[in-house]
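Next come the structures, one after another.
Heads up, the next two complexes both have subunit A, just with different partners, subunit B and then subunit C.
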Partner chain A sequence: MHLKKNIATSESGFIFNPATGDSFSANPLAAEMLLLLKQGLSVSEIKKNILEKYDVELSQLEKDWDDFAAQLKEANLLDH
Partner chain B sequence: MSEQLKPIVIAVTGLNAIDSPGPGVAVIRALRDGFPESVKIIGLSYETLEPGIYLHDIVDKTYQIPYPSAGVDALLNRLKSIHEKENLQVIIPNFDAELYNFIKLGPSLRSIGIETFLPTNEQFDSRDKINLYNFGKKFDLLVPKDKVIYQVNELYSCAEEFNYPLVVKGKFYDAVVAHTMEQAQKAFYKLSAKWGLPIIVQQFITGTEINIAVLGDGKGNTISAVPMRKLYITDKGKAWAGITLEDDSLIDLARHFVKSTNWKGGCELEIMRTHDNQPFIMEVNPRFPAWIYLTAACGQNQPAALVKMALGENLEPYQNYAVGKMFIRYAWDHITDVSEFQQISAFGEL
Partner chain C sequence: MQKLKYERPVIQKMNAGLMNKFGTRTEYEPVKQIDGVSVKSLIEKYGSPLFVLSERTIRRTYQDTVRAFKTRYPKVQFAWSYKTNYINAVCNVFHQEGSWAEVVSGFEYNKAIGNGVPGKKIIFNGPEKTNEELITAINNDSLIHIDHFDELYQIIELCDSLTKKPRVAIRVNMDTGVYPIWDRFGFNYENGSAYNALTKIVASGKMILVGFHCHIGTYMLSSDAYAIAVRKLSDLAWKCKSELNTTIQYLDLGGGFPSANTLKGSYLPASDTNPHIDEFAESITQAILQAGFKTDELPLLILETGRALIDDAGFLLGSVLANKRLSDGRRATIMDFGVNILFTSFWYEHKISPAQDFTHHTEDMVLYGPLCMNIDVVRDSVNLPLLNRGDHVVVHRVGAYNMTQWMQFIQMRPNVVMIDEKGNTHLIREAESLKYIEQLEKMPEHLSSFNI
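On to the complex of A and B.
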């Protein structure tokens, strides 16, 4: 899963797609995951990172990740 | 002793900075940015309550000019008398309805030392909404299907071919989205009473509204193209806020349009980008849009570039602009005195 190259993200969770003019707000955890995605980490590396850092069950993370990925896709922010 | 720079004298129309604004005030703002300290702006107005007339830090002096319906001779005579006092160098007309006269007067104006930088009559007519479908076919541009109709019963075949909703458009302005035959008929009568015949019935396209401000040099080169997505749209369909986009396909579309038509001057491509990313050209406005100051703000000052070309400079196309630059329009109650209103009403100048 890769973010489109020109998508701008900030640490505060603001996401801007310069090709469409769409902008979105992400919560702090989603913002962190987006930054890791932008840094080129793979999905499994990001999940590992989150599991190490936060007190969360793998099953819950998987579920939340699927929601997160679906929203990114819906928002047209992912490379196909 | 330093030599004082002689200002370029530029006349501009479209001072009606109202809820459906003319582009004049935005054009002037861009010119003042492009030629700081060295420009004198002459406003040309039709109505006495065009706000730009009273904005003295924007417009140095305003003269009323005759309505387009008065014809080219009346306009030329008025411009000549203004020229005697002001020594105009360039005129930038900003209304669709006046462009025909200004294009026709181009050679006469040039002979007395006034430059314009406008499309040819042929270019102007070809993109008219009555001709838009053929225009798209001729130049391989994606445009919605339409039918030009003269009788209300022709709406039935339009509905059969395009399905609902239908977009019913007046010859010059106004459009109604009709979801039923009754609505389409009502729109037909309303628009034909207001603007005359024919009526244009267009296929309805859904998507994201994007406009591109374009400047062509008349030789097929695109000097500037800036795409903007409307972020807030008024009930009149005007952008009240917008943001510059980064999308090479939109720039390519603008270049294709300019190269195909050899477009000379400013124009605005109104695009509807569908969900499957097809950019339909909904209209081509043959002059700068009201949001043109955004081009100056993002690094491609189109009005200033147009003036330079009108005065004979050869310009290289702009390459870059700031993406994510936004405009947010606002309303402001400007205060003036009745003496100013009286001056423009009684003497036709202020």
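On to the complex of A and C.
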């Protein structure tokens, strides 16, 4: 799963797609996941990272990751 | 190392300068308790979903409303509208406060009698009254509000076999400038059928004509309409006195005052648009005082207010069953309560508050109930903080009509508790069971077994 190359993200959770002009706000966890994605980490590495840092069960994270991926796809932010 | 608090990831598109069809965010604080009793403890003890009624709010709302009228007019009597919420404990709070009973069926009439309301303090409304029910009401000296000519003649016939003269009023419908006119109940004022009914009652000599009743609509957003209704009823009262030599003892203005719930399709929340109860009180009482009655002949003002007295006192506690995403990307949240118990979600954009801490991040979502039916939508579009499976929510202002119009459909109806003024909780209606639901069913012998 890769973000489109031209998508701009900030640590505070602001996302901008210069191709469409759309902007989004992300909550802290979404912002963190996006930064990790931009750094080139794989999905499993990102999940491991989050599990170590946050108080969450794997099953919950799996569910929420899938939903997050659906949100990114819906927002047209992913490279197909 | 202690792990950080987790909140599931979400992104939200930012729209500058456009209206958001989901409306603005309204919830800034979780509602963790009702009258000092925690939502969590209520759900742990009584289950989810759960209806909760605040006795303190019922009494306070009633007293405030009565005060609004009694400070403006000397003779005021409220009659609790049973159909709005006829759980006996609720009715008795109103009766303890001094309210009579207003019923619209034999079933409700018997409920009021069972609660101990004296027969002469029961107002019997509605288009269906059987001979048996009318005879009981006549013998109990109840106030019978006649709805149509067939009922008028039905009572005249019954009077032949009774020694007691029934105390009757007629329901009058009229044009008050609010459309559509509620003309399916009662006798019309403008076309003369109301006066025609009055002449028949008086001419029969078999009934005591004591009052007029009207109920001009529901969820009325104009207090002026009530003033028009009072003027028309007062005009009838004058004609009654001058032409039929009968003095009317009371004017019953019915109900119809709105609560603070926001109607579906409203651009602004109800708190910004609905008239305050003082405005209704001012319009109604001023209209009677200006109608020309002598001071010693001022009619008793009866009010059958339901919704405005009980809506605020009712809460529905529920839990999140699941989150999902719809084909168009919208978030959908499935609650454990649906339209079967929250009937008013067909009319209102109910205010819904999370019952636990949340961050400032929100999502636009559709709130579904648990029924396997497409119509089970609690909110078409609502902006709420991120909810997870198992989280609790509080639905506000559900006291009116839900606990009477609810359906046993797919799911059973849940417990109803009342929190008294000291913060004690009382189970006032038990959750239904399979045994309760099936107790009226009968199985024909030939259908009692099968092999699959």
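Just so we're on the same page, the second predicted complex is superposed on the first by the 80 of 80 C-alpha atoms of A that agree within 3 Å, B and C clash if a C-alpha of one lies under 4 Å from a C-alpha of the other, contacts with A are read in each partner's own complex, and residues count from 1 in each chain.
Keep in mind that, in the parts below, a contact is a pair of C-beta atoms (placed from the backbone, for glycine too) under 8 Å apart; a residue touches a chain by one contact, two chains touch by 3 or more.
This structure is a prediction, so every number in the text was calculated from the model and none was measured.
Under the clash rule set out above, the superposition-derived model of subunit A with subunit B and subunit C shows the two partners fitting side by side.
Look at A:54: by the touch rule set out above, it reaches subunit C but stays clear of subunit B.
Of the two partner chains placed by the overlay, only subunit C lies in contact with A:71; subunit B stays clear of it.
In the superposition on chain A, contact is made by A:6 with subunit B only, not with subunit C. Looking at the superposition, the partner that touches the larger set of subunit A residues, subunit B or subunit C, turns out to be C. When the shared chain is aligned, subunit C comes close enough to touch A:28, but subunit B does not. In the superposition on chain A, A:15 contacts subunit C only, with no contact to subunit B. Once both structures are fitted on chain A, no C-alpha atom of subunit B lies closer than 6 Å to one of subunit C.
The part of subunit A that touches subunit C in the complex is made up of residues 15, 22-30, 33, 53-56, 60, 64-65, 67-68, 70-72, 74-75. Residues 6, 8, 16, 18-21 of subunit A touch subunit B in their complex.
Interface residues of subunit B, counted against subunit A in their complex, comprise 208, 229, 231, 242-243, 245-247, 323-324. Contact residues of subunit C toward subunit A in the complex are 3-14, 323, 325, 329, 359, 361, 386, 388.
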